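Presented sequentially are two complexes of subunit A, the first with subunit B as partner and the second with subunit C.
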Partner chain A sequence: MSAPLVATRAPLGRQLRSELRWIIRRPRTVIGLFGLCLVPILAGIGLWFAVDDGDASGGPGLAAIIGGNGLVLPVFTLFLALPLLLPLVGAIWAADGLAGESQHGTLRGLMIAPIGRMRLLAVKSFGVATMTLFAITLMAFVAVITGAILFGGTGMLTLSGTTLSFGPALARIALTILLVTVQVWGVAAIAMAISACTEHPLVVMAATMAGVIVFAVLGLFEALDWLHPYLITTYWNSLIDVMRDPLPTEALWRSSALAGCYILIGLSLAAMRLATKDN
Partner chain B sequence: MNRRRVTVVAAAVGVVAGVAGLGVLAMPAGAGPAPELPEVGAEALVESVLTAKPSAFGGAVSVTNDLGIPGITGLPQLSDGDSKLRVWTDGAGRVRVQLPAADSEKTFVDDGQTGWLWDSAEQKVTKLAHGEAEAPKLELDPNAPQVPTDPVAVAREAVAKIKEFSDVSVDGTARVADRPAYELVLTPKPTERTVLREVRVAVDSELRIPLRFEVLTNGTAVPAVQIGFSELNVGPQDAALFTFTPPPGAKVSEPELREPTAEEKALAEGAFTEANPQVIGEGWDQVLAARIPADSLKNLAQQQGDDREWKRDGGPGQDVDVEGLLKQVGKQVSGPWGSGTLITTRVGAALIADDGRVAAGAVPEQVLVEAIGQVK
Partner chain C sequence: MTTSTSARVEPAQAGSTPVLAARTRGLRKVYGHTVAVDRVDLDVPEGAVLGMLGPNGSGKTTTIRMLLGLVRPTEGEVELLGKALPDGAAQALPHVGALVEGPGFHPFLSGRENLRRVAAFEPLLATGSIKQAVEDALERVGLAAAAHRRYRGYSLGMKQRLGLAAALLVERKMIVLDEPTNGLDPAGTREVRNVIADLHDAGTTVVVSSHLLSEIEATCTHVAVLHRGTVVAQGGLGDLLQAENSSLLVVTPEHNQALNVLRDARISARPTPEGVRVELIGTTAPAVIEALVTAGIPVHEARRQRTGLEELFARLTEAQEADEGLSAVDTIEEGA
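Take a look at the complex of A and B:
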């Protein structure tokens, strides 16, 4: 007789690895990441023409200080992508995670498999979070290279007129990646909650993007200023504080804490829905 | 079955916690309980403010503005609404001020020898060698007695002057930028005819520097202007903050001060005599009145047009319709004194008569009308 069967759980590490492998193996993921890499290149070329054409200023805001200051490009690109492109990316992965599986009928298999539903949600969320961080880091990396080629410069000129040396400049870029990622996580968590409620990935993406756009529009009305502190989009513009020196941290903390609340709400709603779902 | 219920409850708690977190974040930072401070007399407090030694500090100042003045692009600190500026000083004359705007920033650094003004939107540095950076002094009363050098005496004199027209009191304590402060309140005497109700100054209990300044007007509970520290770190500041190196690629300009020509001087003097600026009234209802020569507004507009033309390298000069602009922001009024335009803000008003007489002050309309009648 063989040894009695011991109920063993699949190790968490292997589950996380296999989830990431699943996402990466999809051709649309690879194509999407490739498309994201094009954003900094196109933005860089556009700014290069603007700077080349006439005086040093490439436009309003951050574009004004980009001439000879290539390390600003990653920050510029991430802020360019934050209002629409990155929330879309987060929503796509969240939609694939639960609604996509549900559409293919594979979620049913996962639900009756001997892993807890909360663990399923954790693994799926981990996949979305990691891929978001990876995509944003990839964009920043491509932007650093593009900026160095097109604009040069070894330091980073801040909006305050001081120049950071290479090390602190890279730290600022890393901070920007982190802050932007946390904001996208906030959006993606809400997308996860929607994803748990439907089996149509398109609904998840449409609902998430509509939400982001409506939030942005609500932010424009001054009469609704009592509502603004609750909207995740409110502080996206103030993330530009990372380009000021000395670094003012208040708005950065506040925006991250706000996104943290959205993550908590989104994942809790998703957990509630998954726990009560019949197979 | 039981486990599922536990999960649902835990998730519901998560949702509630998240929503509560949003609520906490949205709440304005509480001022905290009023600190207990030893009693201090109003006069002694004013004196100590006026004789306080400058100290090194760094912090953020928030400006809440509800004056009813139209917005000025690039300088949110002057427009209606909330804005911020950041200040550092070493207490010995070296200063750094940063004015953050939505996506740009202006920085002013005075390193002791040179003033530097940086504008990120234009990538431009303006260098002001010392002496030039100082604001021109406005001598309102050239016959004033020689100012005594003793700061305590100056302070005493100032207190006496203030008390002539105002009631000065200490109205409890407050916590501003997490520092205990006395609330000093200046109220106009009942006989004063002003639109201002009171001016409140929160004075740091230890350093005796003003931490918050509020102007309240008649009929409202919210201050028309509130300027106060939202963050204050007292102590020596990083010396690197008080240096500035123009970044490579920035345009550095050094405006040269040329002596005004004799013709310009004569013109300015003539205009000054003709304008005959005078202060009518005393205390809170002081009105600054003058007569602008009828064609000078037009001249000004012309000159600005010329300047613009010169800047645009021969582009078409723009005609500025000053009168039209006045009509847009003000309202037409008339009376036995003549007719003109009245511009009202929360903290005061300005009356510009059609014949060039001008009166302005923190007073209601009828005081202005009385004053403009006295302008010759």
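Take a look at the complex of A and C:
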């Protein structure tokens, strides 16, 4: 111990790149992303038949809106995926991030490197956040292409009856991506907290999905309406506001603020657990 | 303990003691109602190859995990490379390589990609030198030819080698190897011994745990014997064995005459198939041989009876088993 030892960490950028590469190299990530790409395609084909038959069973006036309005498809797809599919995707990555690494014994290696426990959480959160944003953007992108091919049209007919031109329509789609992503981050942050407590990824996924479903069920009871403002699932339906013109922002702000609280709480719990965790 | 080498290092005599690469004081870890490790005072001298010896569940892995800051002790303190854990982890751990509780890697990545991922998180590796460091480590453990294959398809021995390679990615001040030869064939075991010898020559401190006595005896300069969650003996390998080495085997066809001569000289001895075995208590080997030779007894051969680690280990652990005071200390299956 001749030379004094100084505290050193590997460069953050290198750690983040390594984390992303690791997630993308997983076979299940590739298969999962491929599956997510199929959602807008299948939804588009389903709607195409509905429009063709003049049948509006997809929703009130949906067939009427989507005919000649391909840019509605990305918004429609994301709303379709938000209640179950996207929380599951976020939970899988959060589960693999901590619980999965713990199960493989690779978390020990990172700890000994040493990565630092809070840096570990930062790297893992970055990985999940980036991948969910990427997955949702990818879905929307595929939906735009599918919508253009099946339904055509360069504008977006809103629920208010106006038609947005191509540029503003794309902006609405981007807004939808952001809003939906923040909601999924809220769920994934809670999943991250669970992930820090177990070494079984399946427990994380099951617990997260059970939570989402229970929240949705609780949202159905009027007797519990005092509770509804605290449930992340409550505002998911009101995100359809992005399809109105002019844009009503109150529900969008409120939903994003609530998701922000979930992110804060989830990551704080994960940090508390990681700080004292034995590996 | 009778071995003087396990004496505590008190501040007053700190000047005369060797520099320690790692030390623990009063280490205790309780899982629920199970005491995994208790009262562990471990000294790892700098530059030593310390073998941690103990049966399965004796607390080797738990102690190592606390030594590396993976597990927080319930009580006691850990000092690694002069830094107190957990606060000094960021200073000390970059200089420590470890293979703990078996190799941990991702099955869907190749050996090389797994090492690259480990290397990305190594503080002491410059980004530009990662590739070369990974290739060097693979070469060193003999995995270069299989580096492109997925970890999923590796044999147990190959997995173990990859774990060793991860510990060797950077030039370390200290390397901790938990059961490094698990699953290795004899050739692989020999290679690990060579790696340990190389590290020792380069001045690296090595802590290696094993339940295989021969392995420890062949590679280590120091030994710590763990049993039921506590250190029952530690010190230099030679010193520990020397303390036990109190007999001389004299090969002679004249058993009875030899015994008579020795009895007259007040030296205790007992017959063996080859000759007599003399307890070297209050006497020395030259004195015994001189007594026999001057009495005209034909001495074909005289050799120190090497007690060996095995006998020492058996004696230490059996003595401990009889100790009622330790009955409260339970062992747990490690890694459970």
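We adopt the following convention: the second predicted complex is superposed on the first by the 262 of 279 C-alpha atoms of A that agree within 3 Å, B and C clash if a C-alpha of one lies under 4 Å from a C-alpha of the other, contacts with A are read in each partner's own complex, and residues count from 1 in each chain.
Everything below uses one rule, namely that a contact is a pair of C-beta atoms (placed from the backbone, for glycine too) under 8 Å apart; a residue touches a chain by one contact, two chains touch by 3 or more.
Owing to the predicted nature of the structure, the values given are computational and were not obtained by experimental measurement.
Asker: Given the alignment on subunit A, is it a clash or a fit between subunit B and subunit C?
Answerer: Once both complexes are aligned on subunit A, subunit B and subunit C fit side by side.
Asker: By the touch definition at the top of the document, which applies to A:G68: first (subunit B), second (subunit C), both, or neither?
Answerer: first
Asker: State whether A:I240 touches subunit B only (first), subunit C only (second), both chains, or neither.
Answerer: A:I240 sits against subunit B, while subunit C stays out of touch.
Asker: Taking the superposition as given, does A:I112 touch the first partner, subunit B, the second, subunit C, both, or neither?
Answerer: Only subunit C is touched by A:I112; subunit B is not.
Asker: If we overlay the two complexes on their shared chain A, which of subunit B and subunit C does A:P11 touch? Say first, second, both or neither.
Answerer: second
Asker: Touch test for A:L159: subunit B only (first), subunit C only (second), both, or neither?
Answerer: first
Asker: After superposition on the shared chain, which partner residues are touched by A:T276: those of subunit B (first), subunit C (second), both, or neither?
Answerer: In the superposition, A:T276 touches subunit B and subunit C alike.
Asker: Now for A:I31: first (subunit B), second (subunit C), both, or neither, which partner does it touch?
Answerer: neither
Asker: Return the chain, subunit B or subunit C, that is in touch with more residues of subunit A.
Answerer: Of subunit B and subunit C, more residues of subunit A lie in contact with B.
Asker: With the two structures placed on a shared chain A, what shortest C-alpha distance in Å links subunit B and subunit C?
Answerer: Here the least C-alpha separation of subunit B and subunit C stands at 5 Å.
Asker: What is the shared patch of subunit A, the residues that subunit B and subunit C both contact?
Answerer: The overlap between the subunit B and subunit C interfaces on subunit A comprises residues 276.
Asker: Could you pull out which subunit B residues touch subunit A in their complex?
Answerer: Result: residues 4, 7-8, 10-15, 17-19, 21-22, 25-26, 60, 86, 98, 100, 102-105, 107, 116, 118, 120-123, 125, 231, 238, 241, 244-251 of subunit B touch subunit A.
Asker: Under the definition above, what is the set of subunit A residues touching subunit C in their complex?
Answerer: Listed in rising order, the residues are 1, 5-11, 14-15, 17-18, 21-22, 25-27, 104-116, 276, 278-279.
Asker: Name, in rising order, each residue of subunit C that touches subunit A in their complex.
Answerer: Spelled out, the residues of subunit C in touch with subunit A are 19, 21, 46, 65, 68-72, 81-83, 88-98, 100-109, 113, 116-118, 120-125, 127, 166, 173.
Asker: For the complex, which residues does subunit A have touching subunit B?
Answerer: These residues of subunit A touch subunit B: 56-57, 60-62, 64-65, 67-69, 117-118, 157, 159-163, 229-230, 237, 240-241, 244, 246, 248, 250, 254, 257-258, 260-265, 267-269, 271-272, 275-276.
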